[in-house]
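Two complexes follow with chain A in common, the first pairing it with chain B and the second with chain C.
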Partner chain A sequence: MPPATSPRTDVTHVARSDTGDPLWRKVIEPSNLANWAAPIALVVLAIVFQALNPTFLSLGNVESMLSAASILIVLAVGQTFVVATAGIDLSIASAMTFAAVIFGAVFQFGLIAAILAAIAAGLAVGLVNGLLIARGRITDFIVTLGTLSAASGMALIVADGKPKTIISAPLLKLSTGTVWIFGYAFLLAVVLALVAHVVLFHTRFGTYVLATGGNTEAASATGVSTARIKTAVYVISGLTAGLAAVLLVARVGAAEPASNTSFLLNSVAAVVLGGVSLFGGKATIVGPVIGALLLTALVNGLTLLGVSQFYQPLSVGIVVVLAAFLTRFQK
Partner chain B sequence: MTQTHRMPLAEDVPDDALLKIDGATLSFGQVRALKDVTIHARRGEVTAIVGDNGAGKSTLIRCVSGVHTPDAGTIAFEGQTVNFRSPHDARAAGIETVHQNLALVEDLTVWQNLFLNREIVRGFGPIAFLNRRAMRVKAEEMVSTLAVNVPAVGSRVRRLSGGQRQAVSICRAAGFASKLIIMDEPTAALGVQETARVEELIMRLRSEGHAIILISHNFAQVLKLSDAVWVMRAGRCVAGRRTSETDGDEIVGLITGARPDDVPSAATS
Partner chain C sequence: MSPATHLTRHIGRAATVAMVGSLTVTLAACGGGSSSGGGAESGGVAAVVKGLDNPFFQTMESGIKDQASTADVPVTVQAANSITDTTGQGDKLNGLAGQDFKCFIVNPITGTNLIQGVASLSAKNVPIINIDSPIDEEAAKSANAKIATYIGTDNNDAGAKAAAQMGTLLPQGGKVALIGGTAGDVTSAARLDGFTSAKPANVTIISTVAADWERQQALTKATDIMTANPDLAGFFVANDDMGLGVAQAIANKGKTGQIRVISVDGNKDAFDAVKAGGIDAVVAQYPYVIGAMGVEACQAAIAGKTLPASVEAPVQVVTKANVDAALASAPKPAEAYDNPFTELNK
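Let's look at the complex of A and B:
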């Protein structure tokens, strides 16, 4: 490797990669591989599982995979905004649990009230996170670790440790109704992802999120209120936790104060698999969505093959570390 | 100042001075970063601020660009006393800054950086969407009118060389009808050729009527580019000269304290 490239070769390099080169060459370039890790792995996984068990790609199984992925997609979208500012929200799954319990507590006043209450609960956790991190200047890791514990504790207190069965026809429809192979829950998650994509890439706010994550100093020097942006991304993450809580209650049929640690790990994993930089400033929405689908397909495929579910966290862990390894080659 | 009849520059303020800083004082805890600094900048001129490391040059210009607010003293811009609470206020007043650390976001494209916090949007009621195409087109224009060698406005800043980045920074400051451009060590990190290009760019901006405040360690550059020079030492502005009436030796003497100050230090403390 030559020690340094002169500006001139730099320019030609930019020109070349901007115009020429077929797509496949861009994909296998090591620096781009991380961005393509999730789609490639998803295809490979589909081929392997399909070969081992032909029901894997049957319409019925695809439908159930997409439905199963919807909660994780919603959480991953929220987590993406936080990670794009170089932060992390460890409390996202606990906020979802707390919001689900609040849903259960308010359900006697009607479904709409319960949904609004769940979303408000998620927003509240996000706002606390955001204010402590952006205004209180406490490390994101510590703050959200604290709210992780606090939110699950509050869930236990509110629910008195007991699950509450929720019987509601519209919620049943949400979790079982489909348009062809696309469940309503999945469609809801896709709509949310589309909105998130537009916000991230077609609004000023999205640009400021990426600028804050990429170079906080530079963003504030141009007059961007980085504290406000940092608060806002945790509020967004709380909002997605509230929405995910509604999907969770619909899917489980109960509001329970269970710890949902796997959702936390998988939301971060989906974001990393999606090629979003943990150092902030680089993010897509489609990447984490595919990451969420990949993780769901992995668990689904292993279940179809009859692999003990004890192996599932292990396999998720291996996939995530591999994805993180690929990001080392990112430029 | 006994032998010379000429007035100290600090008192020779034209009525239509673009920027007047009067008695600016700023402390960070126990450290007095600025002590009663009085300088001004004229319209259409390059005003240089020189001094050793830690003399307070960057702190002073950060007061003008809205990063810091002085504890005491006033800043007047275009004859109006201003009180900037954030960089946003300063930019709104027409003061653009090219920071020492460049203030570019590497993972965003050239056009996104040029339009950072100045985005062109299309509004539909309360919701506004970025007009990416308009910004790209305008960015092309901005880059080409300054004839800077930035490859494509769609490329990410991460891929640019130091000189290209500096050009993008200056381009951003020069655009948007700015009235005053502050440049903090614009060539400190650049090679010989890139420095020459940036200096050319500064001269072009002045010939177009932009007022510029230039902070530099490079005396040759200061003497070549500036119309007036202010010398800072240990948080104070110790002297001011018209560049045509001074030379490198005098400036060095003022910076190190080997020559007597315009204002005796006893008078200011």
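Let's look at the complex of A and C:
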């Protein structure tokens, strides 16, 4: 489908080459700095950590970082669609926990059934969010705060508060198999990100998503069904939560009703680090993916260096706030 | 006190959400609501425990109920809505305190959140058995509350037992890493401190990380630590769930059996992992026994016996050698343990 014209889509591409300026000049331009915050920080971190500990960029460590980042990448992609419409999905990590528990409950009927059930569970949470927000006209913040609690409660009820061990050779393959340094889970996340990129920038739907986020009234005046778009982005977010649940179960070998709250914060942080505007209308997919890699690399590097556990949350917080500060200069 | 394990995990969740909006407390209270127990039978024993949203307290509750039915004592168990529901738990105790129970078993979420109810019960001379998490001594004194006895486990000792076991597993010594719960958590710190102070001299701790009581984080951080230290010999992990994550990380690297893992708690999954070889040893604490002992203490108190000021609940090391017995006798320990209440209730 050819992209429909929208006043906001042109700003969504990070680096356009039609102005003729050299790339570095565009990078240091304050208005572009926000878009480049994550890649720049990632490079700086890599240099610093590599200087302090030569194992940081060893192939083995890069491989484990990429695997560790895959769940966060999947969630960040889902969160990006929601944030692009100026919404927020606070329930994304709980939806993942709920989907993981459903996976565990259905696993006795086979792996495929469990995967489908997990994805359906994620979609269901997303659909509830979307309908309440778009049709019920309740603020996204409140709705997803409610489903955050409800989904984790449902997870506890279904799992009866207990983790369930999942033993499955294909899942083990998913979490440990690699192509060179790229784990299957990471490759899956990258494929999802590519699909998301195409959907967001090369389909009518993607244009509508950005238009809805940029200016809801204008979008609906031009005939975009903003309610439908808003519902759809939460469904997408739920879908990614369901996929992330499968990766999570594969990774830890168990379906458990654990809170996984760090994923909620990190998914929002990755999106912000990626230069996506919390006011909507302006998004990239590559940005949040790099944001997710950055957050993972940061914790990995601090762990490798043996930095005291007390400093890790502090450093993550500083990085996130600095990135948010840079977004002030966005056009 | 292992429940604090779970306490902090959930506090972590609450704190996260609090960053987003303080409305959560209300919502969480609406979401989690499950108080368990029979009808309010007067004349018996009342128990107020922490949230039943995790296995540790579910096991504790079944210990209370089983012992009560064995002893034919009517029991009412109420639980907090969740592990962070400090005021709700206080309200539940206050509600029960107005009824005619002969003895109370309390497992407070914090050292002070039940102090008001405990004080009003003390004023009526109803015996109070404090299990698992201790009521703050200072607060009890200033509120004029009398605690008949305290039954719980020593997390420092659990850490020390793990250290001794690590010494057995690594006779030549070597580098070990410590995986704790949420940074700054009391239970996690006690277990890690116990390990650190009791470890053999030839075992060196090269890294201590926080994995927020989550299996996924433990897996990731254990992988990172192994990458940074190819000669690592072992992990001490502050609970079983994270221990399973570490075991998975080691298995992913194909080093099962080469890098030793010891965790604390005593969940069935961890015992299974000990049997399968993923985890080398589990320092097991027994919430079932803590709950059951609470009821026994109440029986003794109702009969007018003098109770010991504090009782250590059993802590036992489970390895491949005794894991079958541990699995068979779960949720009770396989080996004999001191129970002063058996004698008192004869």
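By our rule, the second predicted complex is superposed on the first by the 312 of 331 C-alpha atoms of A that agree within 3 Å, B and C clash if a C-alpha of one lies under 4 Å from a C-alpha of the other, contacts with A are read in each partner's own complex, and residues count from 1 in each chain.
The definition used in the following text is that contacts are C-beta pairs under 8 Å (C-beta built on N, C-alpha and C of every residue); 3 or more make two chains touch, one makes a residue touch a chain.
None of these values were measured; they are calculated from a predicted model.
**Student:** Go through the superposed model and pick first if A:Leu192 touches only chain B, second if only chain C, both, or neither.
**Tutor:** Touch partners of A:Leu192: none, neither chain B nor chain C.
**Student:** Name the contact category of A:Thr55: first (chain B only), second (chain C only), both, or neither.
**Tutor:** Once the two structures are laid over each other on A, A:Thr55 reaches chain C alone.
**Student:** Count the residues of chain A touched by chain B and by chain C, then name the partner with the higher count.
**Tutor:** In the superposed model, C touches more residues of chain A.
**Student:** Go through the superposed model and pick first if A:Thr203 touches only chain B, second if only chain C, both, or neither.
**Tutor:** A:Thr203 contacts chain B only, not chain C.
**Student:** In the superposed arrangement, does A:Leu171 touch chain B (first), chain C (second), both or neither?
**Tutor:** It touches nothing on chain B or chain C.
**Student:** Touch test for A:Val289: chain B only (first), chain C only (second), both, or neither?
**Tutor:** neither
**Student:** What is the contact status of A:Ala219 with respect to chain B (first) and chain C (second): first, second, both, or neither?
**Tutor:** After superposing on A, A:Ala219 lies in contact with chain B but is clear of chain C.
**Student:** Could you list, by residue number, the parts of chain C that touch chain A in their complex?
**Tutor:** Per the stated touch rule, the residues are 9-10, 12-13, 16-17, 19-21, 23-24, 27-28, 30-32, 52-55, 58, 180, 183-184, 206-210, 212-217, 219-221, 223-225, 227-228, 241, 244-245, 248, 252, 269, 272.
**Student:** Per the contact definition, I'd like the list of chain B residues that touch chain A in the complex.
**Tutor:** Those in contact with chain A are residues 65-67, 86-91, 97, 99, 101-108, 112, 116-119, 121, 127-130, 132, 149, 151-152, 154-155, 158-164, 194.
**Student:** Which of the residues in chain A come into contact with chain C in the complex?
**Tutor:** 53, 55, 58, 60-61, 64, 68, 71, 90, 141-142, 145-146, 148-150, 152-153, 156, 160-163, 165, 175-176, 248, 251-254, 256, 258-262, 264-265, 299-300, 303-306, 308-310, 312-313
**Student:** Chain B touches which residues of chain A in the complex?
**Tutor:** Touch list, chain A to chain B: 7, 10-11, 13-15, 18, 198, 201-204, 207-208, 210-211, 214-215, 217-225, 277, 281-282, 331.
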